[in-house]
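Shared between the two complexes below is chain A, which has chain B as its partner in the first and chain C in the second.
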Partner chain A sequence: MLLALNTSISFVTNTNWQSYAGETTLSFLVQMAGLTVQNFLSAATGIAVLLAVIRGLTRKSTSYIGNFWTDATRSVLYILLPLSLLFAIFLAGQGVVQTFHPYVTATTLNGTEQVIPLGPVSSQIAIKQLGTNGGGFFNANSAHPFENPTPFSNFIEMLAILLIPSSLTFMYGRLIGSGRQGWTIFLVMLTLLLSGLAVSYYSEFNYSKSDGLNLIMEGKEARFGPGNSVLWSVITTSTSNGSVNTMMDSLTPLAGMVGMFNIMLGEVIFGGVGSGMYGMILFIILTVFIAGLMVGRSPEFLGKKIEAFEVRMAIVAILSPNLVILMFSAFGSIITPGISSLNNPGPHGLSEILYCFSSAAGNNGSSFAGLNANTPFYNILTGTGMIIGRFGVMIPLLAIAGNMAEKKITPSSDGTFRTDTWMFGLLLIAVILIVGGLTFFPALSLGPLVEHLLLIK
Partner chain B sequence: MTLLTGIIYPVLVSAIAYMVFPFKSQGSLIERNGIIIGSELIGQFSDNPKYFWARPSVINYNPLPSGASNLGPLNPVLIERTRKQENDFIQINSTPEGSVIPGEMITASASGLDPHITPEGALLQVNRIVIARGMNMKEKNKIIGLINNMTEERQFSLFGEPRINVFLLNLKLDSLK
Partner chain C sequence: MLMESRQKKEINLFTGRIIITAFRESFIKLSPVKLVRNPVMFIVFTGAVISTLVFIKNLLAGHFSGFELQISIWLWFTVLFANFSEAIAEGRGKAQAESLKKSKINIKAIRLSSGREEFVLATELKKGDLVVCSAGSIIPSDGEVVEGIASVDESAITGESAPVIRESGGDRSAVTGGTKVISDRIVIKITAEQGSTFLDHMIALVEGAKRQKTPNEIALTILLSGLTVIFFMAVVTLPAFFSYSLDSSGLPKEMNLSLPVLISLLVCLIPTTIGGLLSAIGISGMDRLLQKNVIATSGKAVEAAGDVDVLLLDKTGTITLGNRMATDFIPAEGVSAEEFADAAQLSSLADETPEGRSIVVFAKEKYNLRGRTLNSAETVMIKFTAKTRISGIDIRLPDGKIKCYRKGASESIKKFIEDNDGFFPQNVKETVTRLATQGATPLVVADNNKVLGVINLKDIVKGGIKSRFEQLRTMGIRTVMITGDNPLTAAAIAAEAGVDDFMAEARPEDKLSRIRIEQANGHLVGMIGDGTNDAPALAQADVGIAMNTGTQAAREAGNMVDLDSNPTKLIEVVETGKQLLMTRGALTTFSIANDVAKYFAIIPALALPLYTSAGKPGPLSALNVMHLATPESAILSAVVFNALIIIALIPLALKGVRYRPLPAERVLGENILIYGAGGLISPFIGIKLIDILLNSLHLV
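And then the complex of A and B:
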């Protein structure tokens, strides 16, 4: 019952947290009519909210910022459905199963029986990646050979995860009438992605020996190897996808921390479909405000004044997921129902709890899966966290959009602080890292950082 | 919308996939003498010395449900298990002194169903198979040739890692006379 509630919230909020194990708990019909549908709708919702926000920024002296149903329906019909159809058929060609045939029992070479689960997988995997949803058909998610059978399918799935979130930066640039603004944001996101990747690679290839044993392949698949596994882990946490082709729990501490930190930054490194871009707009508003304070100008963005209301709302939106992560993790790490779910002792245990609530609040859905999250305690708390993490950002943001739409546009002058220069880009990166760093450094230093120091000792 | 994305879309994909990729979309199932003996993509457990063995698996290759250990690198359980796995591998295959055991043969995969190992992992098992099957030197060379033939390089020389499908290798091994 609680599991069903948790799974529903998780798919509605585009989190796709997996407390369930698809192949043993869900029927084909639930997977299709329940999960696949929500995969489409939650992604379309992200795009619709983004469009409303952009209209708020570009329209003047009006209180109309578009119609949700029109935007959502168009997103499904013109973007998500056609792309998914092509992608699903490609995946089937690589070996992803797509059938309504019941599970098959095979007699293996060893003479024992093996039940092979089948199902309409590729149609769900296609939208799971394109819509940055991430909830798997199978428990092992994209590590399962039936979800991700070849290195080529792996590559195209990674591309599909990044495709829509990155193209939305260009849509944004086009809609506000300045391609440069879009490029600036794209490059900021790319810089953050590549920095995280560098740390992850370094850690995974240098520190995967423990007690003289080579543990680099623990929780990884032979067809992907360490390289593609680390790359995927960074991409899936930066975007709010959350599907995994390697078990995050068994990564080296720093690589696991990069994943966690990507989520904690607010899922703005490309981020979810729509949600990454609108999350970034929050940070832009904050950056414009801080820059304005530093040089003593009244802060403006796209010709509109940023006032107390916008900044207050932006802070609410940025802090509400962070509050969930820290408060819930603190709670979870001191009471028995929180601790009894742990799979690993020591600092890694704290990492598991911290990752769990980051993933819920960031609507990511990946996990340090050793943590047994299918308990009443975790189902309720992650469920609540997912709702706050999704709507605690969306609602203040829509308030900003509505308020901005009513404002007049003042023409830019020499005194205007430009938001399409590399200077602004650097400032934006700094603000994102400072907010994330200041909020989470203490928690991270007790978890993955301590673990790293113990490992290299 | 539910009808379109939840019913029509998956049914349409199924129909097209079935027509264009009848083998792969149905699970890449392989039959021998009329019985399904497994899927090309799903690894199988083996403790029979006559066959190549796949990677260690937390779920022992029972796919309901798939899964991994999720143990962190400092976890004593993981360290102990991996050390035992390494010793077992060395003992069972009587690997030559000083040979490096490839990482995947001593660690569990992410899905628990990993169908592949590295070519090095396969080569180290050849001696055991030759002894178990009572083969001579000429047949041993045939097996080594088989491993070289069956090794899948990086896809388009770019994606993934060189690897070998244990199940298919074993099928070829059986038909080697």
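And then the complex of A and C:
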């Protein structure tokens, strides 16, 4: 019951946290009609909310910011369905299974019987990646050869994760009538992504040297190797996707921390479909408010004044997921139902709990799988966390959009604080890192950071 | 003149009396009822109370902790320093209010009731009463001159000692209670109830009694509260993570973080710097305006001034010198140029107005006529009076003849000549008309009954105003010149002054509609005005500055009053508004950037015992990049730095961040470098220094 509730919340909120193994738990019908449909709708919802927010910024003196059904339907029909079809056919061509045939029973070389699960996989994988959902058909997700058979499929699946979230920055630029703004945001996201990647790579390849080993292969799929595994881990955590081709739990402490931190920053480094971009707008509002004052004007974004209401809502939206991560993790790390799920003692155990609630609140869905999350405690708390993480951001942001739509637009001049320059980009990065860093530094320092320091000693 | 008056009014903030008062006030302001208005400081206050209680509890149990005592003391200091900043910002206003109050007490008035004069106390006066004021008496309340003309000393309000003329009718009819009549006798109709006079408002404003949070201040308070909640979460969850870590390190739960330590961490992280200085910044913004002799009716208006992007400027007095200057002498037929220049200069010697002086100077420069010594026995100066509107000189020549040089407007001179049986020549009349249509002001000079010629007085664009407008343009502010002149004259002056746009032949209703159009396009409009007919426009403008010389209606319609009645003030007001917002932004950025260093001081100190092996310090001590001596000194240093930085930044909060008229991009770049990067680096240095000091004094 609790698991079903948790799973439903998980797919509705674009999280795709999976406390179950798809191939042993769910029927084809549930996978296709239940989960895949939600994969489309939750992604379309993200785009629809983003469009409403953009209209709030561009329209003036009105209280209308668009129609959800129109936007959601168009997103599904014109973007998600055609792209999914294309990717599904391509992935099937690479060897991802797509069949209604029952599971195959095979006799292995040493004589035992093995059940090999099959199913309509390719169609689900395409939208799972494109819609930044991340819920795999199989428990092993994209580490499974039937979900991700070749290096080329691996590349295409990573591309699919980034495709829509990064395109949305340009859509945003076009809709607000300034391509530069779109580019600025794209570059901010790219910079953050590459910085995380650099730390992860450094960490993964540096430990190996100190251990006298060639490569750290625990938890990694031999077909992909550390390079592709780490790249995927960074992409999937920054985009709120949550699909994996490696065991996140086995990453080196710093690489694991990068993943966790990507989520903690609010899933705005490209982020989820729609949600990444609208989450970024939240940080833009915050940056404009803090730094905008320094040019001697009351802060304005795209000609609209940022006032008490916007600040209050932005704070609520930034606070909601952070509240879940910190409070729920703190709770989990002191009570028995929380600790008893742990597979690892010491700081890594704390990392597992932190990652679990970060993933839920950030609507990511990946996990440090050493933690047994299929317990009543975790099912209830992650379920609640996913709802707060999704709607605690979405609702205040829509309130901002509605309020902004009613405002007048001040034409820009030389005295206006510009949001399309490299300086603004740097400021935005600083605000994102400082807000995230200051909130989570104590927790992270007692989890992955201390684990890292213990390891290098 | 302006500078003089400003120096006169300057009250030094750091005089003993203000500091002592502020010191006392900082304790009075500890009242929780007052503190709760400022959520950030309220948290610090609560923390100080709790940590003091913990110290006392431990003391009673027989454990004296010097560390807990010092933490508690510094937490109290943090609150007191913040209160002190507010109190000292209010100090100057309060001192000024006191001197204003003095001019209020015991004023007696002569009331006219049914034709009889009776003595009453000023406090008994009602709206609509008629009072008589003659030379030497103090005007009892705000009113309008309904009869007579007088010169009034308004220095009690404006600090400007030169008297001003107040007369019935027109735009110069408003008088202010507390000012003094110097000459003549006027009848005044009282227009304000007691308690709501201009002086009362001014006292309330400078005292800060009516101070309300401005919209931007409210938004910023919300942001700071939000940050406080975030840090509260980060701190309140820490004991849980810590308890888990203690467990994993095999340490007892009793080693978990103590309340004073957690409170220290919280106080260091929440934005106390900006939280503590926020109200001081707001008060000092209004205060800086006051020093420029501008009274803002609300902080909101000061803030709006920073956002203004269209300025409507009256031509006269703002763009051109309020006074026209002599630019040309046009002699009448049969009069030589030198002869006329000589007469023009002589006739203006008694004319102390700027126009008159400009004639003397022009004659000197163009015709090389030096000011001459005149034997006072042989000359009689005829001063300019409002009634005759003529100035001049009578000179007894050695042959006994008397030369009567007179200068004035053509109408007045015509009357003078006709009174002396002369006639006013047609060609002079034509010259006068021609000059008048060009937007210039012609003055006619006569000798007895003979017209000598015409002096051409013209508008002179103020020196430096063009570069001022250029600065405004780089700041993104558009200037619109408003003038009653015809479009041709207006265009010429507009081009010369370098304004972006102009409105010629503007009537008051044109101003109003122009403001409405600009506002509908999303602009914020600032304007300055004086006349009653300006009142609607002043009320409509986002920032409306009324001149103190203006009418009561204008003063009530605007949201600021310029006591110097200097139209260029508008630009300074805009700059003050911008400075106010910049100071807030800069200190917010600084405050948040500070937190990075504080984490690096406190977290390694807290985590020192965790996951230790073989007696070595815990692995997280690697984060102790400042190499602070002990955990206690690290925490205490961070708390001390956090408190002292408030004191250190009080002068900046009061003076405001340096303002230069530059494009937004450059202003931002500079401020980020100073307050962002500076805020990141300075606490690393400061905390380290305090740590060295604390340890060398053996305080920890």
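By definition in this document, the second predicted complex is superposed on the first by the 446 of 457 C-alpha atoms of A that agree within 3 Å, B and C clash if a C-alpha of one lies under 4 Å from a C-alpha of the other, contacts with A are read in each partner's own complex, and residues count from 1 in each chain.
One rule holds for everything that comes next: contacts are C-beta pairs under 8 Å (C-beta built on N, C-alpha and C of every residue); 3 or more make two chains touch, one makes a residue touch a chain.
On a predicted model such as this, the values are computed, not experimentally measured, just so you know.
Peer 1: Should the superposition on chain A be reported as showing a clash between chain B and chain C, or a fit?
Peer 2: Verdict on chain A: chain B and chain C fit.
Peer 1: Looking at the overlay, does A:Ile315 come into contact with chain B only (first), chain C only (second), both, or neither?
Peer 2: Second partner only.
Peer 1: With both complexes superposed on chain A, which partner does A:Gly303 reach: first (chain B), second (chain C), both or neither?
Peer 2: second
Peer 1: Please indicate which partner A:Asp420 is in contact with in the superposed arrangement: first for chain B, second for chain C, both, or neither.
Peer 2: Neither chain B nor chain C is touched by A:Asp420.
Peer 1: For A:Pro345 in the superposed arrangement: first (chain B), second (chain C), both or neither?
Peer 2: Both partners, chain B and chain C.
Peer 1: Of the two partner chains, chain B (first) and chain C (second), which one does A:Leu454 touch, if any: first, second, both, or neither?
Peer 2: Both partners, chain B and chain C.
Peer 1: Determine how wide the angle is at the CA centre of chain A between the CA centres of chain C and chain B, giving a multiple of 10 degrees.
Peer 2: 150
Peer 1: Classify the contacts of A:Pro411 with the two partner chains as first (chain B alone), second (chain C alone), both, or neither.
Peer 2: Touch partner of A:Pro411: chain C, not chain B.
Peer 1: Of the two partner chains, chain B (first) and chain C (second), which one does A:Ala330 touch, if any: first, second, both, or neither?
Peer 2: second
Peer 1: Going by the contact rule set out at the top, does A:Thr73 touch chain B (first), chain C (second), both, or neither?
Peer 2: First partner only.
Peer 1: Once both structures are aligned on chain A, how many angstrom separate the closest C-alpha atoms of chain B and chain C?
Peer 2: Least C-alpha distance after superposition: 13 Å.
Peer 1: Do any residues of chain A touch both chain B and chain C, and if so, which are they?
Peer 2: Shared contact residues on chain A (touching chain B in one complex, chain C in the other): 345-346, 454.
Peer 1: Quick check: in the complex, which residue numbers of chain A touch chain B?
Peer 2: Checking each residue of chain A against chain B gives 21-24, 32-34, 36-37, 40-41, 73, 76, 81, 84-85, 88-89, 92-101, 104-110, 112, 114-118, 120, 122-124, 126-127, 138-140, 143-146, 149-152, 154-155, 207-208, 210-211, 213-225, 227-229, 244-247, 249-250, 252-253, 343-346, 348, 351, 368-370, 451, 454-455.
Peer 1: Where on chain C does chain A make contact in their complex?
Peer 2: 215-216, 218-220, 222-223, 225-226, 229-231, 233-238, 240-245, 248, 269, 303, 306-307, 309, 473-478, 521-524, 577-579, 581-582, 584-586, 588-589, 592-593, 595-596, 599, 603, 607, 610-611, 618-620, 622-623, 659, 663-665, 667-669, 671-672, 675-676
Peer 1: Where on chain A is chain C touching in the complex?
Peer 2: Listed in rising order, the residues are 60, 286, 289-299, 303, 306-308, 310-312, 315, 318-319, 322-323, 326-327, 329-331, 333-334, 339, 345-347, 349-350, 408-411, 413-418, 421, 423, 427, 430, 434-435, 437-443, 445-447, 449-450, 453-454, 457.
Peer 1: For the complex, which residues does chain B have touching chain A?
Peer 2: By the definition above, chain B touches chain A via 1-2, 4-7, 9-10, 12-14, 16-18, 20-21, 24-29, 35-48, 51, 55, 61-76, 78-79, 82-83, 86, 101, 103-104, 106-118, 154-156, 159-161, 163, 167, 170-171, 174.
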